[in-house]
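What follows is a group of structures, each given as structure tokens.
Look at the two complexes coming up: chain A is in both, with chain B in one and chain C in the other.
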Partner chain A sequence: MADAKDDAQKDGAQRRTHTLLDRRKLLAGGALLGSAGAAMAGGAAEVRGTTIRNGQIWRPGEADYPEDATGAKGYRFFTGAEAAFVEPASERMIPSDDLGPGAIEAGVPVFIDRQLAGPFGRGDHFYLGGPWPQGLETQGYQTRYTPADLYRAAIPAIERWVGGQFSGRGFKSLGGADQDKVLTALEGGDAKLKGVSAKAFWGLFIENVIEGFFADPIYGGNRDMVGWKLIGFPGARYDYREWVGRHSERYPLPPVGLKGRPAWDRA
Partner chain B sequence: MTRSRLALALVCAAFAGGLLFAGATLSQSATEAPPQDAAGRADGGLSVEQLLARTTPPNTPNRDQVERGRQLVIAGDCAACHTKAGGAPFAGSRPIRTPFGVIYSPNITSDHMKHWSADQFYRALHRGLDDDGHHLYPAFPYTYFVHVTRADSDAMLAYLRTTPAVAAKRPANALPFPLNIRGVLVVWNALFFHPKPLQTPAGKSAAWARGQYLVEGPGHCGACHTPKNMLGADETSKAYQGGVLDNWEAPNLTADARTGLGAWSVDDIVEYLKTGRNARAQAGGPMAEVVSASTSMLPDPDLRAIAVYLKDRPAAAPNAGGDPDRAAMARGEAIWQDTCSACHLQSGEGQARFFPPMRGNQGVQQGDPTNVVRVILEGVRTAPTPTRPTPLSMPSYAWKLTDREIADVATYVRNAWGNKAAPVGADKVASLRRKLDLIRPPLSSWSKVDQR
Partner chain C sequence: MATKLPEVDILLVGFGWTSAIMAQELAETGLSILALERSAWRDTPADMAPTFDQDELRYYWRQHLFQNVSHDTLTIRNNTSQTALPMRRLGSFLLGTGVGGAGVHWNGQIWRFLPSDFLAKSHNAQRYGPQSVTQYDMTVQDWGVTYEELEPHYDTFDKLCGTAGKAGNLRGQIQPGGNPFEGPRQNEFPAPPLPMTYAPTLFAKAASEVGYHPFPHPAGNMSQPYQNPLGAQLGQCTYCGFCEKFACGNYSKATPQTTLFPSLFTKPNFTLKTGAEVLKINLDSNGKRAVSVTYVDGEGREWEQPAGAILLGAYILHNVRLLLLSGIGKPYNPQTGEGVVGKNYAYQITSSVHVFYDDKILNPFIGAGALGMVVDDFNGDNFDHSGKGFIGGGYIALLTTNGRPVEWYAGSHIVPKDTPNWGPKWKAAVAKNYLKSATLATHGAVMSHRGNYLDLDPTYRDIYGRPMLRMTFDYTDNEHKMSDFLTDRATDIAKAMRPREFRANPRKGSWSVVPYQTTHNTGGAIMGATPQDSVVNTYMQSWDVPNLFVMGAGAFPQNPGYNPTATVAALTYRAAAAIKSQYLKAPGALVQA
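On to the complex of A and B.
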């Protein structure tokens, strides 16, 4: 972030209008992307265009299926210390109560763990090269960290900050009200963390907790489809043509995930 | 497995006996005059002298004859066997997986066919002998091509001689002894090859006769749709009642209302052959190739003729049905609701020409459930045709559904909405999954998870 500020100051004299600057930077960015693309094409295996005739390529028996994250026990990415923050923090956001199971019971920490251990954690879907000017909030994820690196860097920084605020105690040992204070400070950016943006982490974390509660159970969270049952979402169904004209009628089928539902095996 | 072993043993026995007269028959047959073809019809009433005079193709290519030959080569779907996936047209080397072993199709581009005389080609179609007089395996359906007229045979050769020359060497066939000795086919022919000229009963239309010629002759529909005996010969008493090949079931084409074409109109058949789809079904698997490469390219009157002839066959091979387990049906219904109904609808009605209806579907009610199980396992793609160039595909469920789940939903599809067919067991699915070398589902079944 510091680099970005320096760059902005150097550019200050030339900055007649924001529009001009943005356009110039956009063009520079475009050139960079172009050369990166060329380098990839040259360095990696040969790239060829193919004309597809007679319809799209289709091969019997092939499927692009998700990895089943429900089988294995324990964490693949989180250390014990990290789990000691993620578990109570997510449970604080979605607690077990009269409405049903909370984040831990629903497997939210497991979901986040499996995601951080895979392509999402590596940031495979992000452009993570420079330059790194201060981004706008509307531009979304704007850090040099991969999601996994962000969790790895932020959690110890949060625990240090918590220790400073609560006489050396860890987040897990705090009471609910104090935990809420910590989370509120993270959300508002009031918690000043060393080397990592509290707001950037919060933005990613709250999103991942929600995803873990509502994503398909195959990914480790939303166990037993508790998230879907809570809001009445029928799950991984695809088409409701037969229901379009049937008003004021309750949709009778229970939710279903990619792995199915109990009736597939138990009837 | 047992079936082909038994067949092999029978062939060995037949071969031992057959050798005694094989030599005599072989030398005799080489000098024998070509048999009269199907009542000499469509030969334009040519005399023997005129026919002989035509055996040397004219030096200048005859455009009309070549075009006629091209259409016949399409009608015969020669490319189905003589063009391999991704290979040059008609250059052969496609593996034909028979129950007895793998046969590689020969090159029939001009590179090879320029050495053939019209007599040799006619002899190949009519007697299953190659240019050197060696026996061809009946995977080359000379049992049907015997009905091809001399004029049509000459036209097909004339066309093949215009195809771009490709010098292709084919791999050796993978057939066990004694089937790897072509002389054994003398015995096979003596047992099973008794061609009778096609007869058009009085009162049948010209379209019917044309349909009969296309279906029984160049089109060789029965090569797949007629069941085979243990030695791979047509069970002629069960013509068009459905056959099995390479882990597919070629469905019943008789007029049976449930398993055959009884409920199809002539227009339904024409639309299916021309576009690959109609309101009842869509062509998939090997039939998708037949439709794409052959029937969709045929002139409409020929398609209508085929339909008229097929519709006039007596009903046979009704489906005895079965008594599906109620629990299996309930599980199958749940799987259907969650997995299949998005396209095929809860009511099984589908969307005509896009997602084939399962209610009243002929294919899923065959006595043999191979096709419905296979399509669930590996998915299927509708034939692309000039009229319907965008092929729709159904995804593979091999990764998602267990053998028992596939068996249950197949049982449901075969017995819901008034359908009736024998239930499917998980062992059938497991065996097909093995044969197709499809992955085991990596997903743990529901009952084993989420119960922690």
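On to the complex of A and C.
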């Protein structure tokens, strides 16, 4: 009861806030956990406790900016063998051609790598508890794999399947038409992979490829905003009031991202 | 072992639209009011500033504002012959979390239900015969409240939000430019309609040509600066195209934060605690009175919070689960039809028609959550259903909510027929069509059915060891026939828009948890005129435990073809008025069973 009394007295104060866990420290700490800790880390991020009365709280310096995933070189998650699938596969899906750069130039593999190395890869917003019977299509994602685990399990399984189909060769060494056949077999679920669902992997992979091509460049993909330039999306722009009524006129300004755009950077 | 805290007069569970409205309305009584929100505080400067707000990946695809299913989810199945499995990833609906709830990430589509919607059973039975409301195992009910009773409360919510629109029916007089099918309004909208982007004007012209009645969609996005009756100031929308699934950094979308908090948080008798997750409602020994709730704080400690009255204002799925976990009311049994808690869970059925032009630049990235034109000719009972084999309806709209490219191409697949999902032809189709595409959406009712319900899962448990909620739901022939009819009417309009080509996407087969459809889950704590067929009376008061009130769309006996928020708010205002004028003077049942 001492706690209760203490709490009641403190409630009398003008305003009392206590942050149990600083969110950034928590996320940094979560990064050290393996996938087994993912569910707990995701839950803990929800539970900052604060008592608020007599005015809304003001949190100077706590603006919740996204992490910048650009800059660093090399892969943080993918092994060389994994990159040997992800790079050519994503490039077949969004090829470099007369219309503009494709997936590799846009940084799609780097984007996916950074995502899999972070909270998304750990399944921070996935429920992964068991039991895990096979689900119906209408029940959506039904595996116990985190996204990172799914890539880690699926890519070698795909390579084994490719080897069986193409006399021991790896995906990267195939010609474009054969690579497309493999991707089509994954998409349709015709590729029977050992220990992992081809459709589950494909569903996540194509989503991540499109994300990497069109998400804000701050996450490492859509480099130089090539995805946005391809279609004419002006990006993270704030104010179109003058343009609402200008029907069928082409919007003239180039895209901007959360960090601005390359023309604004120092050389 | 829970530590007991001092009693408060009014306890609110969850802190989104309904609890914020209740707190604001009840604060004038001087009673002590405490709200418990399980997740975090959220405000505009720190969490949704315009410097980082337009971030498609983070907010939608990485679910920054939504309930984290790793912490709490439910199990899903289409019917009782299937084994329900956990929703392992958000999809079909995007549950809110944190202060402001789903009211932070909504589009701001502000609708009133039709007068006949509130009489779904009696009205349809009278016009189309008694079997019209019982075929396909339907369990349709009247609400026990009428449009006329709710109208002043709808009006209050419009004024709170600064709703932009044009009245179609002012005190019985049909007005040009508005929705001629709507129930009579006492007042014009507080703000004029949003200015129109190009695609909705093409839609409106075509809809008029085929004989329908287009009007501007009512919007909680500000068409001009607005100060509401509580003194909260909202700014003009800048049409950035990041409304639904996002928070507004511009104070241009009506949310609990923008419309209520500036006033509410000055009330000395109101307190909000975040990081406080309510596990259970505790009853007295007779089971007739709610004495307290048990909650867990961020450190995992358990507290018992006693209260004079308890108001559930969490999302419907949580409210229904709390009733079931606390043993309040009789759980629904789909085999016998007995019991009411969990009964008549419903959803909505959507479809779309994409149009693609060669000669028109539509700039789809210029948008707002409720910016567009809509026809209501085929909603509710606005048309003759004779011989059609279904009841209910929906609206058909062309809204320019967004041009967010990941959503367009990983979610909605807004590409012409026969476009592959990847490769050079996909890339070429995307490059060619993005600026010249638009989508007509149909937004249809789901009636209640014997087999659609909520209960507790026998297998899966949450992190506290409590059973998860189990959702058993599928569309029936009523929904599919109705939605196909709406899709055909949308296709008529799409053709009249004279695009190069169009592509219709009818909703086929069973309900699936992917892809995103709509966050309009309803029922399970339904309202009505008697305790035999409802969980709460029309003041949202539990029949079984009169000092417990259950807010939200859980009260809808079935789900009409409109967005639910304004009706949820109107029901909350009506309940607040009854609590103030009657309940607090003589606590007890407001309606005799």
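Please note the rule applied: the second predicted complex is superposed on the first by the 199 of 267 C-alpha atoms of A that agree within 3 Å, B and C clash if a C-alpha of one lies under 4 Å from a C-alpha of the other, contacts with A are read in each partner's own complex, and residues count from 1 in each chain.
Just so we're on the same page, a residue touches a chain if its C-beta (ideal position, glycine included) is under 8 Å from a C-beta of that chain, and two chains touch if they have at least 3 such contacts.
Everything numeric here is computed off the predicted structure, so don't read it as measured data.
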Contacts of A:104 with chain B and chain C, given as first, second, both or neither: neither
Which of chain B and chain C A:68 touches, first, second, both or neither: first
Which of chain B and chain C A:135 touches, first, second, both or neither: second
Chain B versus chain C as contact partner of A:198, first or second or both or neither: neither
Partner chain in contact with A:127 - chain B first, chain C second, else both or neither: second
Which of chain B and chain C A:86 touches, first, second, both or neither: neither
First (chain B), second (chain C), both or neither touched by A:247: second
More chain A residues in contact - chain B or chain C: C
First (chain B), second (chain C), both or neither touched by A:258: both
Touched partner set for A:217, first chain B, second chain C, both or neither: first
Doubly contacted residues of chain A, that is, touched by chain B and again by chain C: 54-56, 58, 62-63, 65, 218, 236-239, 241, 258
Residue numbers on chain C that touch chain A, as the complex places them: 3-6, 38-41, 43, 45-47, 49-52, 54-58, 61-63, 66, 68-71, 73, 76-78, 82-83, 85-91, 97, 195-198, 201, 236, 238-241, 250, 261-262, 265-266, 268, 270-277, 297-299, 301, 303, 360-363, 365-366, 403, 405-406, 409-410, 421-424, 426-428, 430-431, 434-435, 459-460, 463, 509-514
Of all residues in chain A, those that touch chain C in their complex: 1, 3-4, 7-8, 11, 20-21, 38-39, 42-43, 45-59, 62-66, 92-95, 97, 99-100, 102, 119-120, 123-129, 131, 133, 135-143, 180, 183, 187, 206-207, 209-211, 214-216, 218-219, 227-228, 230-241, 243-245, 247-251, 258
Chain A to chain B touching residues, read off their complex: 54-56, 58, 60-63, 65, 67-68, 70-71, 217-218, 223-224, 236-239, 241-242, 253, 256, 258-267
Touching residues on chain B, where the partner in the complex is chain A: 292, 327, 330-331, 334-335, 337-339, 341-343, 345-347, 377-381, 384, 389-391, 393, 395-400, 404-405, 408, 436, 438-439, 442-447, 449-450
